[in-house]
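Consider the two complexes below, in which chain A is the common component and chain B and chain C are the respective partners.
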Partner chain A sequence: MSINNTECKYSHSKNRMAKIIIKDSIKSLDKKEGKKIKLIWLEAAGCSGNIISLLNAESPDLKYFLENMVKLVYSNSLMRLEGEAAFEQFMDTLSDEYILVVEGAVSTKSNGMYNIIAKYEEKWVTGMEAVKLAGERAKYILAVGTCASFGGISSARPNPSGSLSVKEFIKKEVINIPGCPANPQWVIGTIAYILSFGKPELDDKGRPIMFYGITIHDRCTRRSYFDKGIFAKKLGDEECLFKLGCRGPVTKTDCPIRRWNSSINWPVGDNSPCIGCAQEKFPDGMEPFVKY
Partner chain B sequence: MKNNLEDLICFEYRKINYFKEQISTCDYPCQISFYQEFLANEVEILNMLLERLNRNNSRNIRRDFTLEELKTYDGSAGRPSYVAINGVVYDVSMTASWGGGTHFGFKSGQELGSDFLNCHKNSGDILKSLTIVGKIIK
Partner chain C sequence: MGTITINPVTRISGFLEITAEVKENKIINAESKGLLFRGFEKMLQGRHPLDAIYFTERICGICSAAHSIASSLALENCLKVFPDENDKMLRDFLHGSEIIQNHIRHFYQYTIPDFVYGSQINSVYTVQHNDFRLPEKINIKITGHYIDSLKYSRLSHKMLAILGGKAPHNHGVFVGGVTVNIDASKIIELKSILNAIKEFVENTMIQDVYTIADYYKDYFKNGFGYENLMSYGLFDSYKDKEMFYLKPGIMINGKNHKFDPSKINENIYFAWYKSNKVEKNPMEDTVDENVDKNNGYSWIKAPRYDGYPMEVGPLARMWLCGDYKNGISTMDRTIARVLEVKKIIGIMENIIQRVVIKKTSQKILDIPMEAVGKGLVDTSRGALGHWVSIENKTIKNYEIITPSVWNLSPKDSNGLFGVVEKALIGTEINDIKNPVEIGRIVRSFDPCVSCAAHVINNNLSKIEIRLI
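Then we have the complex of A and B:
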């Protein structure tokens, strides 16, 4: 058989595949309208960077996420209600079906008093208490950000607040979406998958394989420099940043192809080494971030 | 095919000699500069090949290190990263998980035997994949 005569049977459908998948996804999400699942977004011991990162979402954006995908009932940063009324909404949701998103680690020292998130019926409500309350009844628990997923910066040495990852604390199945912060598409993508098909396939560290399947190094745009042994000597050089302490080889995310800020760029694309922010040992095990 | 590094270097020497001969027999400056350009290019390639040969040779030679000497091989300022595991010195300069000569909070240029055994269950496989460069002496 000559090569000229062979034509890929799927080339025609390949050209339309992306569009079909997009249409299907939108259809499956739209079906849920009217009975959207509730979502509680708890900000525990962390910097609230993940909710800020979520605001930066695009395709789909936050508006689509809130209007068509979930009913956000509780979020320190985004909800309209405040004070006791806000927390009452949190308490009311517990009897219903909901997805729990936790960002930030769970501070356990001094009975959680290092992280207070509300005042309810004249009592301080700690992040630890709220995670425990909501975690027990949640249909799915998502730990968004490295602190929630693995302890991250909150539990860095010497860990004065006794911070734990959500999974360590709650001892239930948790879907980890690490990153400092997590890319909004990792968060919305995982929730979209849950709404459409249920729990996504996870790796041994509880991360969705679709976003955290292979290392940054595997898909790095500068991989050919590494293979040829051509290395950057200082920050700002355009070669492989391995000798400056790049953590791409030990960090699993799809940053090189997904990128950040509306897919404009990513750290290595801007001549700065990966600091391994989505790695389970971040930050202690990823130091030094730059080495000369 | 000239896969062998030594063969490539011989070939490069022959090319350089040829260009030198041409330059010495040329009458016109434009011809000379034409060959000089080729010559410069070939000299550059030769230097690169010699450097590679040196690097290969130095890797094959095993030497003795004191712990003091080992400290200088920490991957900084373009130096190689060496790590000692139970007295045997390994080269981790090109091991992907040792970016910048550091690895999950550990720095190269020191003996890391006990930490290595604590962290890695498949220690044998990892050591087999590394190049030995020498051993530690007291």
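Then we have the complex of A and C:
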């Protein structure tokens, strides 16, 4: 056997190997990218806290979410592009298949001028216009957070900005993922369901039943105190917070079992009442938050 | 001569437009317009005073604990409540967790993509200019740190949630301190997380900012601003030096002055508001809007201290306390923010070392018929103030001046530019088609427009202005 036969068949190109591998990986990444559905994450009239909550996701984390689940094409908080070039990426996506995530309410006062999100072809684009544009063509619309789902804080009385929920505004089917903010697992979990099985089962308020089917009160860790009539008298007490104004009985989320921030804690676990931040009447109908 | 418009200025919190007039490649005029109208001050009128804490948090998704703290301080001032020392320490630790979270995210997720070619895993990382100067090897390394950093900002919020229930929008900060009953298990958990973050900051983040500074030395020579600095003080109630950061302080034209909150006024000359006077104190009633005002170009009012526009934020703090004296520029601002993370971690280590195991001292609270109070505190982006007046046991007036209002303000009636505007004017733009300098200078201030543009009164039916 000659020496030549044992040589690596790529040896002639070893000086160029790194380049070839890089090219191949880019190609395979492109392929993978091509298969993933595009996602527009549109921030509208709100605090932009839901994208921060998404960054808190642990399993899967943002890296896994972006590499393996969706092709994020637009995000005011994260994208490298700025100015018109950034918004072009939004416009370019509209002819494709995509999921639209809206966080924040749709501010409608004065034709939407309370919330301008970009300047495109010399004109201002309002949050309202962007929701309409992207909402009309989206394969799925997810309203993430209580403002997008139900109006939330942005529409609190006297609602100076004329804020509406995404569904009130667009009058199309919207998957609501309320919470102030939405727990990142509710968001990624819903998208994971969509990617594998299509639309999840929703309740009459458009919420995925898998996360919003049962009241906080039903699964509260302090439920036995309630049943025995033992109540906290002030914040910091470790009994049932019902008499301080806890909204667990009227708020449907899985907070008591899922908890927050890598499942480390939740408001009742911190000796403070649930304020019903995922409830459709939040905040006006949930006040006072703490009743003394 | 031409005008450059950048909208959206991405990688900030909220929506901002910057316009810059350029003559012979130099910015000669700039306007900072950050507007998203929700009208928190109007919404708060008539609500239960204690609700302000959880309500005002919702102004901002990235610095919500800051608002809960300023609001609690303002209410403690009204209710004459003085938090127990242990609870105050825990609240400060919680606040530190938020600042670390903010600074890590601002540096890696918001700033790094301006300077590092980085990841192409998703369309969000598409590039639009070619002023990327790092050698390929270093590019790849820092891109890896962008991903690593996600873990450490998440862990910072986890510390916040251990003490505050959840983040963003915690429940633990309240009048009287915190609601958590601290125990040995929580303390050791906080210590171990803090230790992991410290290793990342000291071994990675600080090196990364100096590496970038090395390749972008020209950014020490732009974005100066006025060099007038202000802080309301942070972690300043301790006699123990190891827990202390800085007292309130002012530097104007290179001279230090004693901070006097009565010298804070808001000027509305170039903002869309009307009032019988062009300048008012935050304790006075909220002004009404006037969108037809010819000279108006922003919904952000122009706060001034004794008539001066003041820069606030990590660089102001690090400079005023004497820890950082290299300079006041785009890159200095970015470096000071990173170095401040190390400083705050040190303070938090000392706080948690001294916390004792005991239950929270929360009490049943009684709301007075009438009261006024203010809560001034430095937070992630600088000086934050909440002013509240109570009448008939409900909120009569609520005024908020956020750090980004100080930095992003428009001009005032004396023609003085806002801080960011001033920092842009005079900047040389290298490639007019790719004015990368503008975004880099603006982001060095870590603008938060969610915070800055919370003010609105009512009805804007005749609006014709182009706002953002």
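A few notes on this one:
Please note the rule applied: the second predicted complex is superposed on the first by the 258 of 292 C-alpha atoms of A that agree within 3 Å, B and C clash if a C-alpha of one lies under 4 Å from a C-alpha of the other, contacts with A are read in each partner's own complex, and residues count from 1 in each chain.
Following the convention adopted for this analysis, a residue touches a chain if its C-beta (ideal position, glycine included) is under 8 Å from a C-beta of that chain, and two chains touch if they have at least 3 such contacts.
Keep in mind that this is a model prediction, so the values were computed, not measured.
Of the two partner chains placed by superposition, only chain B is touched by A:217; chain C is not.
Of the two partner chains, chain B is the only one touched by A:242; chain C is not.
In the superposed model, A:287 makes contact with both chain B and chain C. Once the two complexes are overlaid on the shared chain, A:271 sits against chain C while remaining clear of chain B.
Applying the stated contact rule after C-alpha superposition, one finds that A:233 touches each of chain B and chain C. With both structures placed on the common chain, the touch criterion links A:250 to chain B but leaves chain C unconnected.
Of the two partner chains placed by the overlay, only chain C lies in contact with A:78; chain B stays clear of it. Of the two partners chain B and chain C, more chain A residues are in touch with C. On chain A, the patch touched by chain B and the patch touched by chain C overlap at residues 233, 287-288, 290, 292.
Of all residues in chain A, only 26, 29, 33, 38, 43, 45-53, 55-58, 61-63, 66-67, 71-87, 89, 107, 109-111, 113-119, 124, 152-154, 156-158, 160-161, 163, 180-181, 233-238, 260-262, 264-272, 275, 277, 283, 287-290, 292 touch chain C in the complex they form. Contacts from chain C toward chain A in the complex involve residues 5-15, 17, 35-39, 42-43, 47-48, 50-51, 54-55, 58-62, 64, 105, 109-110, 113, 118, 120-128, 147, 150-151, 153-154, 157-158, 160-172, 174, 179-181, 359-366, 439, 450, 456-458, 460-461, 463, 465-468. Here chain B touches chain A in the complex through residues 75-78, 94, 96-97, 99-102, 104-105, going by the rule given at the top. Residues of chain A touching chain B in their complex: 217, 226, 229, 233, 241-250, 273, 281, 284-288, 290-292.
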